[in-house]
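Each chain carries a letter (A, B, C, D, E and F) given by its place in the written order, and its residues are counted from 1.
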């Protein structure tokens, strides 16, 4: 299984970096619970629990911090 | 869906950086639970639970750390 | 609403940086739950629950990490 | 017991870095609960609880941040 | 109330930095719950709950990360 | 009580750095709950709860991030 789609942390834009952050978090879950049917069965509960949603957003924020640093924050060269 | 409104981490002021941090956190939630009606239904419980509020503030703090680094902390040039 | 009182992360001293960290955390909560009466009603429970207190201290620690980096840790120039 | 398989944080690719992050998290658990039979007995509950899965993904994200920094984000030399 | 005893993040040794990290965490709690009698009443429960202890250790780890960076990790000059 | 065994964050190898991370986390717990008998009594519950184990691994990951930075990630000099 691939944990980092594309195999790199470098993205063209912040938006793509953010999408990658979400994918990294999902791939971690997929590696720990490889059964897609189980993961799907958990989704209704999880996506209706505000604390579960916040916890997921937390992981995305941390993955994004790493990706943003890797990309030197996509600062414009001057 | 857009995950980073404006498509950049660079903001003119710390205050705008803070607003962006809050938006990033909200956009993550929106990406995981795309149904606005569901999200709205969760809000009353969540916004009256001190631990939920603290958890949300935690995510904002982490998003802001990334944005602040991207902006080199808005330090005045000398 | 102002999320960063004073509009800057730069403070004269570590102590002021710490106070700012606490304010940032509170302002986040205030932005998510704008009703001061609701926030006040949550305080008795929250301030008597050790885990709630630890979670709040956790957010302060993260906000402070950003502020301390912004101020280059208030290291004395030599 | 070995806590860091291979004894280094340096990996050839981001994908290998991500695998190492997962291993580090697992080795920490193994060091705290050395009985493999106990760990195996916990797995069914844990891998069917969305919040447990998110918490595990959170740890992987933090381990990966360290590994990514160690590898200077596998940025291509130019 | 003083949030940073001594008013600086700079310490002579890592050990003193660690002690400061513990004090910062405690001072945060003290600022949120200023009533020492209430804090003392929470201690028995809290200090016998392994998850509360881990959460407190977590905050100490984060405070220490900031202090260690401020002190450039107390690396020996060469 | 000593919070940092050896009094330094510098270690010869990543493996030793990881061991130190685990010790720092344990020493924090020991400082908050100094009674070894109490700590021992908590261990059976804690070491059989997957969420407690994950939370402990989380703290180790954060301590290790600091130690790894202190050691410049044990990168080989070239």
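FYI, a residue touches a chain if its C-beta (ideal position, glycine included) is under 8 Å from a C-beta of that chain, and two chains touch if they have at least 3 such contacts.
For clarity, every value in this text was computed on a predicted model and none was experimentally measured.
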How many steps does it take, at the fewest, to get from chain D to chain E if each step moves to a chain that touches the one before? 2
Rigid-body rotation angle, chain F and chain C, from Cα fit (steps of 5°): 120
Proportion of interface numbers common to chain A and chain D (over half same, under half different): different
Counting only Cα atoms for the centres, state how far chain B is from chain D in Å. 27
Here the gap between chain C and chain E, centre to centre from mean Cα coordinates and rounded to Å, is 15
Inter-chain centre distance, chain A versus chain E - centres from mean C-alpha coordinates, in Å: 31
For chain C, which residues are shared contacts with two or more other chains? 51, 55-56, 58, 62, 65, 69
Classify the chain contact graph as line, ring, star, complete or other. ring
Following the ring of touching chains from chain C through chain E, in what sequence do all chains appear? C, E, F, D, A, B
Can you name the residues of chain A that touch chain B in the complex? 13-15, 18-19, 22, 47-51, 53-58, 60-62, 64-65, 68-69, 73-76
Show me the residue ranges of chain C that touch chain B in the complex, using the header's touch definition. 2-4, 7-10, 24-25, 27-29, 31-33, 38, 42-43, 45-46, 51-52, 55-56, 58-59, 62-63, 65-66, 69-70
